[in-house]
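Two complexes follow with chain A in common, the first pairing it with chain B and the second with chain C.
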Partner chain A sequence: MSSRKKVLLKVIILGDSGVGKTSLMNQYVNKKFSASYKATIGADFLTKEVLVDDRLVTMQIWDTAGQERFQSLGVAFYRGADCCVLVYDVNNQKSFETLDSWRDEFLIQASPRDADSFPFVVIGNKIDVDDGKRQVHQKRAMAFCQGKGNLPYFETSAKEAINVEQAFEVIARHALAQEEAEEYTGDFGSSTIVDIGADSENDGCGC
Partner chain B sequence: MPDEYTPPASPTASFYDLSEDDEDYSTITHTSTGRGVKLLYTKSKVYVHPTPSAKDNIPGFIALMQQKPPSSSSNTTSSSTPSPSNLLLAWLPESAIGTAYDTYVKVDLLDTSTPPKQTYLVPPPPISSGSSPLGSYSFSIPVSQIYSLLVRPPSLGWWWGSIVINSRSGDSFPALFFHDSECASTIAQSRARTQKNFDPFGESGELFWGGDEVLRWLKRFVKVERSEIEKTVYLVDPSKDDLLSFGQRPVIDSTAGKDKSRGEGSSSDNNIAAAVMDPFTKAIKSARWTLLEQFAKVTQFSRQTANNFLDNPNLPPQVRKLLKNPDVISLQDDFDSARLYLARWAMGIAEQSEKERAKIVWKREDMMEMEDSAVGEFEILDVEAGNIAGSGDRRKIVEMKEWNSWWNKSTGRLEITVDEVKERLFHGGCDTAVRKEAWLFLLEVYPWDSSKDERAALMNSKRDEYVRLKGKWWDDVSRREGQGEAGEYWRDQKNRIEKDVHRTDRNIPIFAGEDTPHPDPDSQYSTIGTNVHLEQMKDMLLTYNEYNTTLGYVQGMSDLLAPIYAVFQDDAVAFWAFVGFMERMERNFLRDQSGMRAQLVTLDQLVQLMDPVLWKHLEKAESTNFFFFFRMILVWYKREFEWNDVLRLWEGLWTNYLSGQFHLFVALAVLERHRAVIMDHLQHFDEVLKYINELSGTIELNSTLIRAEALFYKFQRTIEASDRKHGFPSPGTTRPMVRLTHRRTDSSTATTATSNTANSTGTSTSSSAAANKGKAVDKGDGPEITEQLRGLLARDFVRVEKKEGEEGKGKTPARE
Partner chain C sequence: MNIQSLDKTTWDAVIVGTGLRESLLAAALARAGKRVLHLDKNPYYGDEYAAFSGNEFETWVKNAQAAGLQVVDYFVVDQSESSIKAKSRSYTLNLSPGLLYTTSPLLSLLVASNLNESLEFLKVGGWFVYNPSQGIDGSLVSVPNSREDVFNDQTLDARSKRLVVRALKSILGLEGSPSANSSAHQSSLKDYLEQPSFRLPNQTIAAFASLTLRHDRLSEIPFEEAERDIRRHFGSIGRFGPGFAAVVSRYGSGSELVQVFCRAAAVTGNAIYMLENTIISIQGRAPRPNWKAEEGHKSAENTRSQGFQLRLQSGDLVWAENLIATKHNLPIDTTPLGDLPVSIAEDAFWTSLYIVSNPLRSIFRTNEPPAPAGVVVYIPSGSLAEDESRNSYPIYICIHSSETGECPDGQCIMYISTKGDERKFLDVAAKSLLRKMPREDGSPSQILMSVKFKTLVESPLAERRTDGLHLLANHGPLIEIQDEIVDQVIDIYDSIVGSRETFMEKLESEDPGDVRDDTEISFEGAS
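Entry: the complex of A and B
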């Protein structure tokens, strides 16, 4: 029974510094939010086991430093990615405007087999902040996503756990499709890493 | 129900040594009139952990007591076989026991294999039937009211075993953690077992622990059944229905129990949960949760991994025994490989057992039979490290008195050599008061050969200069309003800095407050508030951009500034100290990352030279980019150590006492400490990265520094040996003498010779460094010593070469 092959889906989260990448990942994996995350230095990942259409898969979600200056190191962990999540802060115009360059940078460094079909998902985070501060309208974001080939778009609050689960469900689905497509075309590059067994049940009640 | 336990008047000596027939003890329902209850069994050092922090743990006693039956039934109950309703299971904090403490200790140490021959009376415990924690967490419950116990033995990654008591009304009491290594009776019982039949395992085949005894007490008086579904659940006097719900059915075997532990919310979980009687769903759930946690942490490793693991001679004997336990073996078969968790767990146990050993040896040397076999398990290096560590007062913290004794009272000039000062600071570190002075020398704000007056004059002009630099942006209204390209750049920098300062070291008291209104109503922090120290930090970082006009703010810089500011709490002084630190750290933040790459390449070569076997393993794991040391190198372990350790580490590194890049030896020391685990269990880049990232907060600083020092000397010897072989003496060959005698200033000729080499290994040659990668060692005639490696002998740090980047050009750096 230990020979059953597990599917590992590698997901990379990108976006400007301070848009909430670490918070989104922690909200999804650990169901926790903290106002006091430090700026991410280097890279780290969390894993979570999820069922996608009755298939048990392990998502390995990579959180990265948001400052552009550190991007040249990305190649170390972009390789073998199955999905890329682009995050911006709906209250920060500039973080939206840089999405394009984050996408380009990813495609250059990860160099997926077929750049046009590689799955991206866009997330506008921090929708819990009051409306007066919002700088990027939903319509505008959706237009952007449409223009990039109908990228799935979610508006989330990592702080209040709004839409996070839904967004990652779609991310998992796209990542799995990508992984299967890659495997079909003969790229086994990233599917063999063993399960590192994240505890996905930690929302149960403690004693 | 009493809110707090107040011990009744202390029992007199006549309470002790009473005969078995004595009935003069009270029922708990009218405590004020009674004389006490019989203490049948107790166990010391049972803790409540109210918070995750160990310092909040409350030590206490778990006790089984017998109270006088209520008058209506007193005639029918004999004292030798008390009914469960007259038995109380209680937990009392040591602090609430008062004068009865001696009695508890006495009963704890009784041989419990036979019922107590004497009666020991103690004040009755406070009674409580609900789960609302009393002021002191103390509680007691009639045994007849106990529904179940959730029992978590101390194996499998949980160092302390625990018991949770669930009442029939559906409440749970706080988890009780058995600190067996502190509990005299458990130690004695465990030893007795070991000596009697060489079997340290309890009845269930698991390692013996304090909780086993509690189960044994209860089994004397009531029926205690272990649930078949949930091995951690013990039912007390269960009804037939209870037994059914908890899976005393042949169809559900132990495999089912294990299966669902990996079932991540699969439907079988729900079925089982649904089959359970409602009031007990909670109990079941929490048992499952703990079970899952154990499994997720430990058990998902393959048989093969476990075998390799077992063969590892470094493994503490406790772990080896545990892994031979049949339960654990069957788990190994059932779960997929998760080397990472196993590795972390093994390391945790090894470290814990080291601590335990130290404690035990010190207290009673004959305690455990495993002692001897485990001595000297970590490399020969440790012998050397031990020699380094054991040298007297070298590692004593430098206090004001010692510091002052080095300086001339009237002139304020240094009266010993700089090398001597550095030696002391490198080995001992200094206390807070000394830091305010010493750091200014270490960070090159003050020259070592200056007089008191010269320093005062220097600081005055530095203060003026800081005001001038700050004025450059502060008074530039058009920039601050964001006009033009310069304005746009400045606003962007301000936002970056603000974002990071508000998330830098906010757990440190001076940075924690949010009591000041934010000066800028447009800021995203305007609704939260700020404090004067955060504002100073922001101003200093903005001002640094005026001083160093080409770098721009980069993430990590706020991490470097915070400790310096916190020590000085004076913006101008801290600013110049920060400038000194950045001289050294600037290469970490360059736009092309060449400085970081150069250091990772150097570390790569260092590992190749010092530990080729480990390096080969890392190469196989595609990890020789050493990216997993990126964070440690970028901000000098700021995220890995506690605040005070960071201060201590940095001041040691600032001395350049052994090497201007001693931080790379610290990296090597961390790697070597975890060598066995990495070699045995980590086979991919992501596993290595995760493992190293999660060392954060677990690394012991002092032993790491000692190990790093030992590694440095070993490195130095290796280079010297290689140079002798190749017939040319390195400039460094005379240097051990320099260090051991401490009689030369650090501007000795030897240092100059090597530091020149070091400077050329910096950013400018990083591309050739990358090209050299992979051929640094072993070509049959000994290792090839690269420029980068030789540079590690230099006692100066690597500076970024400035072409024209002097301050005051006023040009806007290129946008990123």
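Entry: the complex of A and C
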């Protein structure tokens, strides 16, 4: 097994509508922020190449495309994720309280081989908003993360680009570790995926 | 679209049901800038293309039995019930095998619209004719994929080989002796293959028939349709690699495609998804209401002033200019349906799924590695016997290995289908084939679970249309995902958008963030 083969990591971002999932992703990948709220628009996923301990990996970041709004994410969205990012808005109590059910939903749908060791990263976003509006205290969030098996926790502002880079660095590291662990217990063996994007020149019909 | 409630919203299209046609249409309309509300009464995507975990599948069976809409015959070995439940997520049980020819327009569409990356396709190879009435030895015969295969075939003598190649060339139009073909276009596949000048062995006739994927008797298949099917089969070989004509998507083509298309619709920002919600009443010819205008919605000039006022199960009232659904996804008492021409012919089929306690490795083989993940077995009509009767229609068995992600290692899934009311032959077919293939330790292969259900298919697959209502024909996927689906969806798209060329065009901007901000876009970041 070549250890230098191209590594593709699937990262999915979960959390209630409006907590800033797309903004985080956009800030990280495109270094941009748009103040006006717009539900997730555009590409299926964003990709970014990053170096993790001298290894070049491609991170594929998927967000919910608005399908979380009415709890309508299909199982295919969750499948094959190497890391799951749980995002809440520090100024929105309810978005914090639903983190647990997002985590449960992920574990049910993605059914990772080892649920206890699967990497989650928790992000409290929108820390740029006035202190007076903050509803979830850092201590409380950290207690939650500790209770779930010491999940890494970051407080970010996608708007001000605070801590976003750092959070995704940890996400990439955990995703890579997960991908490598899966590689050795590999699900699928001998089959080769048919690349439907590449028409073969070979005309197999020898008639 | 910052929608928290659907109440008093207006839509270019409301689509009910997340089957393949509906989902592809949603993606195409949303990409064209149309605002789409896409509902499904079920808590899962896919409708007739759905796939389930072990536990979900049991729920589906119970609900289908309770609804009495489909006759469902469910069997599970007691001791395996708990193991299927314990490994519930190791199963992705599909309602149909979802075979796609490599030349399927759906595959080209996926590539052209940049959606192929989220799917993993595996090869379907190993095409067999199984005829137990021909004796135990050699009753499972490989269907040749090429002239080389014919020459390498140990079961044919030299003379037969020449005859088979000649017939093959004739069907493929490579050596068209016009005299032989001109009359053929009036005849059935049976008449054509049994014509005296061909002198084809029975096994070869069955082999050609197997390539049509049709459940009709040979005498009922018009030759020109069969000819198209067989040409498609051979024309598909080699497109994505040597030796195979078809693929399936890991975890099930239909259910995966549906989710890819729905997500593609959602990511445009123009489509809203809501499972477990449906229409409970419809008022046709409802004038466009003067409800709040949604942010960013540009109302086109050429829109109709009349549409449908729809009451949803969630209690919300919405208005739609276009309404698209199959009849079974609309309320039964639907006044606007009165204007439509009445239905087309309906055919009944029995389809089924079996979980088998044997990976059947010996059947997953082709001339070219790697091993296929799916194989097709054709059982000609009249070759199975039970209670002194014989199967009057041919039977297809599609077998998927655990590589498809549909079952755990050490097992496989068989999808068996036949036409008419010959349900009993499904079990006969399964057991007969499994008797031929014991497990590697010599113990018999066991059926751990089976479910059989009746599927009604309207033909042709046309849609009936009136004043913005697009009623899709009742459609049960049997073996393959039919090419006609794409054409039908493009027709509906055309009637709503007014263009066929823009169907599923690549998005101009792949930048998810900001349409207002014109600063430079960097996708790869500055790592």
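The working rule: the second predicted complex is superposed on the first by the 169 of 207 C-alpha atoms of A that agree within 3 Å, B and C clash if a C-alpha of one lies under 4 Å from a C-alpha of the other, contacts with A are read in each partner's own complex, and residues count from 1 in each chain.
Here is the rule we use: contacts are C-beta pairs under 8 Å (C-beta built on N, C-alpha and C of every residue); 3 or more make two chains touch, one makes a residue touch a chain.
Remember, predicted model here, so these are calculated numbers, not experimental data.
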Practice prompt. Considering only the touch criterion stated at the top, classify A:Ser34 as touching first (chain B), second (chain C), both, or neither.
Written response: second
Worksheet item: Looking at the overlay, does A:Phe70 come into contact with chain B only (first), chain C only (second), both, or neither?
Response: both
Item to complete: Based on the superposed arrangement, let me know which partner A:Asp44 touches: chain B (first), chain C (second), both, or neither?
Response: both
Fill in: Which of chain B and chain C A:Asn91 touches, first, second, both or neither
first
Worksheet entry | Touched partner set for A:Ser157, first chain B, second chain C, both or neither | neither
Worksheet item: For chain A, which residues belong to both interfaces, chain B and chain C?
Response: 18, 36-39, 41-44, 49-51, 65-67, 69-70, 72, 76-77, 193-200, 202, 204-207
Worksheet item: What residues on chain C touch chain A, complex-wise?
Response: 1-4, 44-45, 89, 102, 107, 110-111, 114-118, 120-123, 145-148, 165, 168-169, 172, 174, 234-235, 237-244, 247, 250-251, 255-256, 258-260, 262-264, 266-269, 272-275, 277, 296, 370-371, 373, 401, 403, 405, 507, 509-517, 519, 521-527
Worksheet item: Which residues of chain B touch chain A in their complex?
Response: 150, 164, 172, 175, 264-266, 282, 285-286, 288-290, 292-293, 296-297, 300, 302, 333-341, 492, 496, 499-500, 503-504, 506-507, 524, 554-556, 558-559, 589, 591-593, 596, 625, 627-628, 630-631, 634-635, 639, 684-687, 689-690, 693, 816
Fill in: In the complex with chain B, residue positions of chain A that touch it
1-2, 4, 6, 17-18, 36-39, 41-45, 49-51, 56, 60, 65-70, 72-73, 76-77, 91-92, 94, 133, 193-202, 204-207
Worksheet item: Considering the complex alone, what residue numbers of chain A touch chain C?
Response: 18, 22, 25-26, 28-34, 36-44, 46-51, 65-67, 69-72, 74-77, 79, 111, 187-200, 202-207
